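Quick heads-up: structures coming right below.
Note that chain A is present in both complexes that follow, paired respectively with chain B and with chain C.
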Partner chain A sequence: MMNLFLLINREFKLSIKNFKSALFNIFFFVISSFIFFLSFGSEFEAIIEFSHGIIWSVLLFSLIFSVDQFYDSDFKDGSLKELKILGYSSVEIIISKLFTMWFFIALPIIIIAPLILYSFFGVYPYNKTLIISLFLASPSLILLASLGEILLIRARKNKIMLMLIIIPFYIPILIFGVSAVDVAKLGFIPDKNFIILVGFFMITLPLTLVFGKLCIDQICE
Partner chain B sequence: MVLKIDSITLKRSNKILFENFSVNVNKSQIIILTGDNGVGKSSLLEAISGVLKVCEGQINISKDIKKIFYLGHENCLKDELSVYDNLRVWCEVARKKVIDNQIHDGLNYFNISKLVNQPIKKLSQGQKRRVALTKLFFTDSKLILLDEPIAGLDKKSEYNFSKLVLKKKRTGKTIILTSHKDLGFKNQNIVDLNRFSKKTNKNTKFDTWENL
Partner chain C sequence: MFRFSNPKKFQELSDNVYPWMNFLAFIFILIGLYYSFFNSPPDYLQGETVRIMYIHVPSAWLSLMIYSSMGICSIISLIWKHTLADIISRSCAPIGASFTLVTLITGSIWGKPTWGTWWVWDARLTSELILLFIYLGHIILSNAFDDFRKGDKNAAILAIVGLINLPIIKWSVDWWNTLHQPASLTKFGAPSIDSVMLFPLIFMALGLTFLFVSILLDRIKGEIYLRKIELFKQEID
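Then we have the complex of A and B:
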């Protein structure tokens, strides 16, 4: 537990010192969301209809594009190997990075998303459902993005090809996350969607830890 | 005995680097691993550190040794962080309680105290290596593994590094390092890995500068 605390402390310090990346990520999310919304022109009904889907899609892209900074630099400068030799397990390294990624990438977006919607629609009626679904699904998205990144660390040339293999795994989470708001729009409580999103987390967590551990052990050799 | 390497065979990318290699290392010894490029010096250090698995044989490390200090080819420094922040973060992860004055002393030893607030990305290769070697100043590990530690260092820094290694040796630490240069330690033990290598063709006559 102490190891995990030390690693999370390290990751937090590195992320705070490298705060520009986190800011860029938020900037990317805000600008992309606005561009999507503005592309609908004056069709206000259509914007309301698709707004949560847009927020979800942009969140997904923000996560995919920003996770590489967490593994790539540690691999390139030898820190990954150094941490292993200092006695930290691969699982501890992965968990510390997952938590930091969620805190610095997903959490700001979960906070900002309702503000973006507010700036367009005033009080967005399905804010609560959207926030809960983002909150429940973002760890699974981070886990998948993280697994993809670990698998791709060494693959310099085939990065796009391998990325295409990982992307389909995001789709079910995206579908159930977006449909949670749709269910709320119909006047039902989307509790089943929430349970499924938690279920995805239960599946992706052990998968990422097991395969991530194997990959990191292989990378350090 | 600090380390006992017993008839090991090392592979990298399915190619055997060397086989049947054995060596015993005692306390306060300086072992210098030499050999041609690609002969397996770095791989041997990684195998001792535990990140690379041996195919055959065994590496036994004394139970007294809880931690190993390892400095590889890479400096393990974050480009965007300052020299001070890099060392501070490393000390925390390595569970070393180090006060600011100790960090300044370490940097002063390698004549880089003026760079304390500079981001790593602004330093030259030699300066980065000196920052990485400063970590050696803080470690209390009984087994120290250094891979090409003097690569990119100037003469003065090489001398300072050699002095630091001797100081570590006097305090009971065992140092195993790879180098292509003679560091001129007294009572150093040189292990030539070419003798065990599968790559080196022993019948080939190599040209020397004298023959050219």
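Then we have the complex of A and C:
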């Protein structure tokens, strides 16, 4: 437990030092969602109809494009191996990175998404459902993205490759997350969708920990 | 069980089996095609378009079967570290991807006259599309590394993670209200398909399975030679 705390402390210090990349990620999210909204022109009805889908898909892309800074730099300067030699277990390393990723990548987007919607048409009526669904789904999205990143850590890689591997596993989460807002539009409480999103987290957490540990142990041999 | 896991022994076995598989595939597909085109009745509701079923359903079965064999091989390769399991799962992936593509294309051709649309975002169709994407991701990941052994291991992990999709495809028609019809062969009790239509379907399924095995054996042979060349190159360096 003490180890985990120390590792999270280290990751936070590193992320605050590299705060520029977190800002770039937020900037990417804002710009690309603005472009999406602009392409609808002045049809506000259509924007209100599709805005949650736009927010969701832009969130997926900005997550995929920003996960690589966490494992890549640590692998390249050898500190991943060094942490293993110092006696930290792979599971602790993965959990600390996951927590930091979620805090610096996903949380700012969840906070900013309602503000973007507000800038277009005042208070978005389904804000609460949208925020809860993003909040519940973002941990499993981060888990899957980091699993893909660990799998590709030594490959001749580019970001498109990570996207192709991860997107199929994102589709079910996207479907249930987006349909939560659709259910809310019909006037029901989408608690079943929320339970399914939590269930995705319950599945992806052990998967990522087991297979991520396998890969990192292999990398650090 | 592991007697044939030595690539050399396996090569001898597969050289003996390969011509028989080709022969069986040829015969079964010929009989199946004859019955499905000329000797089976058109459907009372769908008319002649029902004949798409004889290619659509067997390739859908095969796309699932190939993925599950890939998953089993991946588990074996992670636990016992057999090279042959890696070779099999790497050679399976393109074949499975093509069968999945055939399933999707024939399904959408069949869907146009019967459902009135080429494509719907339906549970069965979406999960089958995800299966295609997972196959493509497996192919990309296994070729992304300079050292093929790392590619094998990481692709095996991806295949095991993707196994979650198989039960979703299988039971998607029971769990959600979909346009796609539920299973008509593996129901409890008698299958709800007439034996006149069942006969060519079974023949096509067996024929395509033999075709899959013969293509697989061919690909495995090529893969073993490729690895020998790769190891030889490493020895020279």
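Throughout what follows, the second predicted complex is superposed on the first by the 214 of 221 C-alpha atoms of A that agree within 3 Å, B and C clash if a C-alpha of one lies under 4 Å from a C-alpha of the other, contacts with A are read in each partner's own complex, and residues count from 1 in each chain.
In the analysis below, a contact is a pair of C-beta atoms (placed from the backbone, for glycine too) under 8 Å apart; a residue touches a chain by one contact, two chains touch by 3 or more.
The structure presented is a predicted model; accordingly, all values stated were derived computationally and were not measured.
J.: With the two complexes overlaid on their shared chain, look at chain A and say whether chain B and chain C clash or fit.
T.: Result for chain B and chain C: fit.
J.: Between the C-alpha centres of chain B and chain C, what angle is found at the C-alpha centre of chain A, to the nearest 10 degrees?
T.: The vertex angle at chain A equals 90 degrees.
J.: Thinking of the overlay built on chain A, is A:119 touched by chain B (first), by chain C (second), by both, or by neither?
T.: A:119 contacts neither chain B nor chain C.
J.: Look at A:171 in the shared chain and tell me whether it touches chain B only, chain C only, both, or neither; answer first, second, both or neither.
T.: Second partner only, chain C.
J.: Applying the touch criterion given at the start, work out whether A:220 contacts chain B, chain C, both or neither, answering first, second, both or neither.
T.: The first partner, chain B, only.
J.: Considering only the touch criterion stated at the top, classify A:211 as touching first (chain B), second (chain C), both, or neither.
T.: second
J.: Minimum C-alpha distance between chain B and chain C after superposition, to be given in whole Å.
T.: Between chain B and chain C, the minimum C-alpha distance equals 8 Å.
J.: Would you pull the chain C residues touching chain A in the complex into a rising list?
T.: It is residues 78, 126, 130, 133-134, 136-137, 140-141, 144-146, 150-151, 153-154, 157-158, 160-162, 164, 168 of chain C that touch chain A.
J.: For a test of understanding, state which residues of chain A touch chain B in their complex under the given definition.
T.: Contact set of chain A toward chain B: 6-7, 9-10, 13-14, 17-18, 73, 76-79, 81-88, 220-221.
J.: Can you list the residues on chain B that touch chain A in the complex?
T.: Answer in residue numbers: 46, 49-53, 67-68, 70, 72-81, 85, 89, 92-95.
J.: Can you check the complex and tell me which residues of chain A touch chain C?
T.: Per the stated touch rule, the residues are 147, 151-152, 154-157, 161, 164-165, 167-169, 171-172, 175, 203, 207, 211, 214-215, 218.
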